[in-house]
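There are two complexes below, and they share chain A, which is joined by chain B in the first and by chain C in the second.
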Partner chain A sequence: MIENAPIRRLIAHLVLILGILVVAFPIYYTFVASTHTLQTILRPPLPLLPGKEFFANYWQALFGGIGRIGGVGVDRLLLNTTIVALAVAIGKICISILSAYAIVFFKFPFRMTAFWLIFITLMLPVEVRILPTYKVMVDLGLIDTYTGLTLPLMASATATLLFRQFFLTIPGELVEAARVDGAGPWRFFKDILLPLSRTNIAALFVILFIYGWTQYLWPLLVTNDNQMNTIVIALRKMISFADADTEWHLVMVTCVLAILPPILVVVLMQRWFVKGLVESEK
Partner chain B sequence: MSPRVTFPNKILPYLLLAPQLAITLVFFYWPASQALYQSMLREDPFGLKTKFVWFQNFAKVLNDPNYLNSLKVTVVFSASTAIIAMGMALILAVMADRVVRGRGIYRTLLIWPYAVAPAIAGMLWLFMFNPTMGSFAYMLRATGYNWDPLLNGNQAMVLLVSAAAWKQISYNFLFFVAGLQAIPKSLIEAAAIDGAGPNKRFWTIVFPLLAPTTFFLLVINTVYAFFDTFGIVHAVTGGGPGKATETLVYKVYSDGFVNLILGDSAAQSVILMVIVIALTAVQFRYVERRVHYG
Partner chain C sequence: MAEVTLKDVRKVYPGNVEAVKGISIDIPDGKLCVLVGPSGCGKSTLIRMIAGLESITSGTVSIGSKVVNQVEPADRDIAMVFQSYALYPHMSVYDNMAYGLKNRGTPKAEIDSRVKEAARILAIESFLDRKPRQLSGGQRQRVAMGRAIVRKPQVFLFDEPLSNLDAKLRGQMRIEIKKLQQTLGVTSVYVTHDQVEAMTLADVLVVMNEGRAEQIDTPIGVYERPASVFVAGFIGSPAMNLMKAKSTGQAGLDLAGGGSVKLREMSTPEAGRDILLGVRPEHMSVVTEDDADLLLDVSVIETLGADTLAHGHVAGGKPGGGELVVRLPGSTRVNVGDRLALAIQPGMAHLFDASSGRRI
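And then the complex of A and B:
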């Protein structure tokens, strides 16, 4: 700061606190709602402090035994979503690090063709090819399978471009030195490239985990069976304002459980998250 | 880029590329080409005959008042979302740049919404503002305001924009903070020595130097509002009431998947594809510039 102006700093703090209140409030509100009884929730306004039903509600939602969305429990939904998020993140990293490796460290016919084929997928998000992609999934028998939920999400240009950009900064001398020492392509990849890419991989992992966890349109298209729902889709099926016996307190619990894991990942891996975000979007 | 040192293998690179290219061809190029092809076909109502009609579907879609309405809805929605999300984020980032103590804590508390799925962001706001049990809806009604986003199109739009912008604040905040940190302190100090006050410094130095970040975020936010907000619309309003919140992507989905008008839906997909290509081109041209001018 150039001027030492305590009042301006105080204002800054106040604005930030106000901002945090706005940003955090919807999440807090849902958490509070998840700790009250159904009757309290249905009689607005909702109290500002958490109620006494925390354990009862969470216990019932997690182990209550009553499957609420077509016989599927929250544990199954969380498992599905975790599988999707992890598979998408890990699969995408593996696939794209390999193709970036090929493009940067090898010379072969159609190298640039391959690069452009990958690059152009940036311009073909699911949203612009909904129906034909669905048809492909049906033809391949991938509806209601984990493969169907994850495989098509694994190919995308962003991760490949990120790795390519990073690989291009690796000095050629390093490759030469490795070759002089008799290291083949696999050895170079495993012993030099992977260790060097560690932070990039961690950063990308956080971003892709969130990406996988928050998918909506894709799981909506390729799952019919409630057993295969992700938690986000299941929540959408749970909320119904026309329905008088929607169990809102359990909806709120499910909602909290759906947003908690990605929030934990973002907050706990904040350093990599910020790095991954700022770098992968360039 | 200088000629790189490479490995001499002939087959290996193809094997390395195979997984990505296979997925790309099967799930991206094949469906996209199908969309292009289908956009020029028309099926009779019973799905028995298909006819090749060239650009008739496009003409039909572009003259359809419903489509034009949906275009208008999307533009209003995207512009409001981008402006609100970026404005709030810029204010917060500038304030965070000013404080010394507690910066880390503020950042940690502000990045939460990034982790929330758009559809869930919509639901959170719906919990607070739905007329049956939302506390804020209750308060609004207590003041005599007739609040019902499930019946009133404009109010539904306000709700969607709030949820969409709320979710995007964290993202913009992080980029603005990074942008602010990249501005050399010496420039600001020099201006201060020349007698420029904090406001003047902000508008004549900081804000213009943030222009690349702002422009980049504008593109990203537009893409977000166009495409990633499908979940919000689907979970909160389902395009209603009436067609007041039917965005372009939502219309592709409902025409193709719910109403099964394949030709129209495909033509809309192709139009969307053109929009994405334009946005991506803008984004990459700009990235090129940023590399040069730092």
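And then the complex of A and C:
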């Protein structure tokens, strides 16, 4: 819509700028706080400009260890969370693309039963089945392990349904052409289906990576050892009710560091994702 | 190279829907067989059974001398061109053509030479690196053909390959397919609902209706001696005139809609028998009233340039009965309301039994 109405355009821009300020200001303020000493933060008002402690604070948080969480450094937390988020995202994509492949392209007894069973799990997120799942993890000795952190989060009905819907739009003639061309089930999956699904995979990866990164309840339950904490859990543990006990400057550093990887994934994958969207066709 | 033989092939879908009701066809080596019919007549089901994409309920399909009922599509030594072309969207034109050969473990050098050769034949060498979406409909069609050619199969199967093209391109590709098939000499089966494609391409023409082969003949045989009312009405444009009539027994027919037609140079069925008379619009000519077989009162005229189509009803008929179209040379001047004296060209009147619809 192109029209020459300066006042309306001005108002539109003002609204947009206001929106950006509302969203961006807390993040900026977190960053500012992460560059001051604890004393500066505790003595209001907090300056609006970054302080001089940037390197000192970040160095201490990353490699010095943080007292309130047993001296574990943020580097370890970032590693843990990355492993969990990647394992959840990749695991979910692998499992759901394979199950969708089976349900859409193969005829086997109880195919629809299998589909409905997967569908029903939509009603059973981790929060609902938390006690039995926890019991299973304890019995299997998976507390404080990466397996325990990721496995229960992996099965995903949503992703399976997404892939199923996408596979259903692949024309039958394409499948038949591949059959005539001598592509068996595995070749068809590898040579045709995977390349065609790459946009869906990219989109899902972004969503699932962030889902894994921000997991709170399950990691809280299944980890006791500070070494196994994810960054979100550690952040919670760093904050005490008494202000004086909390190392606010380190909390702020951890916050900033916790935000960065998801932003990175979104920014990097988005370019790929949009490219895929533009190229996509059937 | 191989002949294709179908013996009493049947297809029954779950729910007892019989799509193909026992068809036997012999396609000699190197010939092109066209399956033509209205949608839902079972022609696509039949070609998919030859391809192996559809199981065969009973009967046998043989390629060469081998029965292939239980053979996977990839092992039948066939190549298929689909209606939607079914090109792999993420692969280049080159890879699209090479994919089938790669899966068969053909050596790289061999694949390369075959793809290049097919590209040369089809004049698509300049876009081997492009993706299908960067090609026009006609070019995609060529790539689909290329994918079939590189395989050097015993049989080509075409499932309505031209129906997604515009009319002009369709005519052009039709001629190219014919040429290509003749040069390569590969036995082919071609499905279409377009009677022009059917007539121009076929060595063997199979007209199908409701799961049955109504007639299997050469195109000209189908045109000149349609085996049934269905075939008579399906092949030819404008369609053959079909009129209900009763035989007078004496070289003539009384039309159900009123009026009468003389029959010459052919045996007349016994008197009183209910029949259908079929005459193609192009097989009648204007003569003097003495030589006329029937008289036509013209009600509508369509001037096409090369031809003039005169619609009307047989003189002496009730309004709405005995409707008839005649195709006259473009130079003929006719006016609405004229009475035309028409003679049916010798041997060009077709008689069908009214109840069975079969040719008498």
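By our rule, the second predicted complex is superposed on the first by the 259 of 282 C-alpha atoms of A that agree within 3 Å, B and C clash if a C-alpha of one lies under 4 Å from a C-alpha of the other, contacts with A are read in each partner's own complex, and residues count from 1 in each chain.
Going forward, a residue touches a chain if its C-beta (ideal position, glycine included) is under 8 Å from a C-beta of that chain, and two chains touch if they have at least 3 such contacts.
Keep in mind that what you see is a predicted model, and the values were worked out from it rather than measured.
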item: Combined model on chain A where chain B meets chain C, clash or fit; value: fit
item: Which of chain B and chain C A:M269 touches, first, second, both or neither; value: neither
item: When both partners are placed on the shared chain, which of chain B and chain C touches more of chain A; value: B
item: Chain B versus chain C as contact partner of A:R187, first or second or both or neither; value: second
item: Superposed arrangement, angle subtended at the Cα centre of chain A by chain B and chain C, nearest 10 degrees; value: 90
item: Partner chain(s) touched by A:R179 [first = chain B, second = chain C, both, neither]; value: both
item: Touching partner for A:I143 - first (chain B), second (chain C), both, neither; value: neither
item: Contacts of A:I83 with chain B and chain C, given as first, second, both or neither; value: neither
item: Contacts of A:L196 with chain B and chain C, given as first, second, both or neither; value: second
item: Partner chain(s) touched by A:L62 [first = chain B, second = chain C, both, neither]; value: neither
item: Superposition-derived minimum Cα distance between chain C and chain B (Å); value: 8
item: Where chain A meets both chain C and chain B, residue numbers; value: 173, 176, 179, 281-282
item: For the chain B and chain A complex, residues of the former touching the latter; value: 1-2, 4-7, 9-10, 12-14, 16-17, 19-21, 23-32, 34-35, 38, 88, 91-92, 95-96, 98-100, 102, 106-121, 123-128, 130, 132-135, 137-139, 150, 166, 169-171, 174-175, 178, 188-189, 192, 198, 220, 227, 230-231, 234-235, 249, 252-253, 256-257, 262, 265-266, 269-270, 272-273, 276-277, 280, 287, 290
item: Complex contact set, residues of chain C against chain A; value: 51, 53, 72-75, 78-80, 82-84, 86-90, 99-100, 103-104, 133, 147
item: Touch list for chain A against partner chain C, complex; value: 171, 173-174, 176-183, 187, 191-192, 195-196, 281-282
item: Footprint of chain B on chain A - complex, ascending; value: 1-3, 8-9, 11-13, 15-16, 19-20, 22-24, 26-27, 29-30, 33, 41-46, 94-96, 98-99, 101-108, 111, 114, 117-118, 121-125, 127-136, 140, 151-152, 154-155, 160, 168, 172-173, 175-176, 179, 184-185, 188, 210, 213-217, 220-221, 232, 235-236, 239, 241, 248, 252, 255, 258-259, 262-263, 265-267, 270, 273-274, 277-278, 281-282
